[in-house]
Amino acid sequence: MTRESLLNIAVLAGFLAVAIIASLSGQPYLVTLATKAVILGLAGVGLNLALGYGGLVSFGHAAFFGIGGYAAGILASAAQNYEPLMTWPMELAGTTSMPIIWATAVIAAGLIALPIGALSLRTGGVHFIMITLAFAQMIYYFAISWPAYGGEDGLSIYVRNSLGALDTMDPLTFFLIAFALLLLVLALTFMATRARFGLALAMARQNPLRLTSMGVRPFRVRLAAFVLSAMAVALAGALYADLNRFVSPSMLSWQISGELIVLVILGGVGRPLGPVIGAAIFVLLEAWLGHLTDYWQLPLGLVLLLVVLFARGGVIGLLTGRNANA
Amino acid sequence: MTATLLIEQLLNGLQFGTMLFLMAAGLTLVFGVMGLINLAHGSLYMVGAFAAATAAAATGNFLFALVAALAAAALAGALMEMLVLRRLYRRDHLDQVLATFALILIFSEGTRWVFGSFPLYLDVPKALAGTVRIGSLSYPAYRLAIIVIGVTTAIGLWALINRTRLGVQIRAGEADREMIAALGIDIARLYTIVFALGAALAGLAGALIGPIQSVQVGMGEPVLIMAFVVVVIGGIGSIKGALAGAILVGVTDTLGRFLLPVLLGTVMEPSAATAVGSALASMSIYILMALILVWRPTGLMGS
Amino acid sequence: MPDPILKITGLEKSFGALKATSGVTLDLFPGEIHALIGPNGAGKSTLIKQIVGEIPQDAGTIAFEGQAIDHLDAADRARIGLARTFQVSQIAPELSALKNVMLAVEARQGRVFRFFRPVSRDLALTDAAMAFLYDAGLGERATMRAADLSHGERRQLEFAMALAMKPRVFLMDEPMAGLSPDGSKRMTAFLSDLRRTAPILLVEHDMEAVFALADRISVLVYGRVIATGTVAEIRANPDVRTAYLGDEAA
């Protein structure tokens, strides 16, 4: 077993241990912090499919994080206020069932990622960065100016959504739900990157000219990666809304897009568990620096700058001494 | 709706467009010459606005405030280039994005630390506080001045690039990076100058907008993203494209906000029309960008 | 005589004022190696790029097995059986040699969008790819990262990928480039056999190899075909001697 896979298992076990110990010793705050890291890690794992494996520097994944959040918020607030979700063309009621919310989040994000990806992927490089950023901003402004779902104030979810008979308000239970979904998505992306699709995606990143000359259009492969990545990020968004029991346009903001990239890079791009480690570091840094100073983003920016300038393999690269090998 | 109102909105669009041009010109220049995507360009806009607000508060002189904004932004830009960005020219776009994102965090939080979270206000200079009559329209003189300054800057930039030695070097840099080395030009110095020039333009934009909006942390990024839309529409690396894109975006956004609710009001009830109209208007420039991407993926003047 | 498998008629391409391809008419028959020679800047690579669909021609027609393929893009042309090898080997440097070839196999099968089964456990896929690696003489290096292969080995990997496409036509852009004299000799022997698998349109600067391999030669100068014929005919052609071979000999 390589050092990296040992590290991977240790990280996942560490997450579980921290949450359980914190819960047993009566520190729900720590459990919530771990849950936040798991959810951001899940979003990072999703983004990594496009960013790390596909080489697609999307600065617009906050759009999908927010869409997931709004799927949870809209469905739940409709159900909790006993208002129909829509009355035309048919009457639909809201729901507080997590699986239905997750499915809605994932499908909605996929449907929106499809045209955004198709347009953004008409170009590449620096165009792609600007265009994904712009489309995310479009959705952000739409959420602010569309009055039906709270506008700038967002939506509250009064009681966390339900999953069977589980008590989702219990911090540890909710942590375990998020953790299980993280494992599921990790397993799915791990499989996809090692399946035929993963080979094609690696080639699309490393040598699109060769992929074309084999008879495969890089565009389609990249679009598939972009859409799948958006869907995973939306799932994380739905969980994040449930964690905070609140969703607002800030989930759609460009800062979130930036932070998602940051946590992928902190852990090491193109590694299965890089984003999870990155999320843990990010959440810890945020909590620790936020405790030290009100201006915690200043040192965060400095740390990030140093990582980019001097530690390009991310933290896993530092720990295992080798670069990502997709 | 009257023609006067429409002309007023058109002028507002033009004024917004010239602001966007000042931002987009720097972005596209830096990308064209150095191949760098700079997310922290919005921070330079903010630096300009804060410098202007501070200088104006201290001296009460708007002209002095403008000079302070230009100097502060150019200095911040030159420092940014020399300390951080020059290490990134040979890196991929991802590293550039991350480093300049980090710079946003540093600039924003640093500014909040020094100036606090409360917005600063900048007064319209007395000489430009009134209105100008254009036919039946009386239009704020200050906004008109912004248009004039923007157009003057565009002409100045054109002259700089086409009529000066520095311009020859910049164009050489855009065409072929190895060529400028072969010509014996000090590339490091050229890059710093180009970057400081772009930064000064952003700072100017920030200072000019100060009397219209409040000066606060985070003011730069929404404008930056719109400037990206301008650059994508105009074609990356093209100053002419930036000008065309900026005016197109400025006018589309302003007229969209004004006209869409009115137009929709003819087919739906007023409250719904306002809601739908304003939501659609907030998306209009991005829809414009999408259409242009379908039609010309490299932008209007892109190669 | 059989019908040509590839037939190019009246092809034109300009870049601004520069005429890169000028009324090129060319064909390729089953079983042959048709070499395309010419001085630098004659437009050989531009011609290959038009045939594979990387850049569109301004005028003229490219027909494959009697059908015009002008409307097909590069990926479509690859799928119907045009395999291209590049002057500079085009590989995925971070993938193993084997995975590079496996991708070519899965692309030929048209089954790229499979998300669950790991390729390493797909024995049909690995076996097929291994066979092509051995055919190209690279079987021993299967598990090495492509980036760690030598220049000559990357060349072989390039050919293993082309073979894995089971093409109807090979389009080769300077396969001898950068090879040692010994490597060139082996490549010559390899290509000589390969023409039985599929005919080859061969762009090459190495005249020794061209004269050893080619069934026919076309000479391209300033975008124009000035002569087509057998090795002996081309050697004897006075126009070719002045325009091209003369420069080489001098």
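By letter and in written order, the chains are A, B and C; residue numbering begins at 1 in each of them.
Operating definition for what follows: contacts are C-beta pairs under 8 Å (C-beta built on N, C-alpha and C of every residue); 3 or more make two chains touch, one makes a residue touch a chain.
Just so it is clear, the model here is predicted, and its values are computed rather than measured.
Judged by the touch criterion defined above, the protein chains link up one after another in an open path, with no loop closing it.
The most central chain, judged by C-alpha centres against the centre of all protein C-alpha atoms, is A.
The centroid of the Cα atoms in chain B and the matching centroid in chain C are 49 Å apart. Rounded to whole angstrom, the centroid-to-centroid distance between chain A and chain C, based on C-alpha atoms, equals 44 Å. Averaging C-alpha coordinates per chain places the centre of chain A 31 Å away from that of chain B. By the touch criterion given at the top, residues 188, 191-192, 194-200, 202-203, 206-207, 209-217, 220-221, 224, 325-326 of chain A touch chain C in their complex.
For chain C in complex with chain A, the touching residues are 52, 54, 73-76, 78-79, 83-84, 86, 90-95, 99-100, 102-104, 106-108, 110-120, 122, 125, 145, 161, 165.
Taken together, the chain A residues at the contact with chain B in this complex read 51, 57, 59, 119, 122-123, 125-127, 129-131, 133-135, 137-138, 141-142, 144-148, 254, 258, 261-262, 265, 269, 295-298, 300-302, 304-305, 308-309, 312. If you check the complex, the residues on chain B that touch chain A are 31, 37, 39, 84, 87, 93-95, 97-99, 101-106, 108-110, 112-113, 221-222, 225, 228-229, 231-232, 236, 275, 278-279, 281-283, 286-287, 289-290, 293-294, 297-298.
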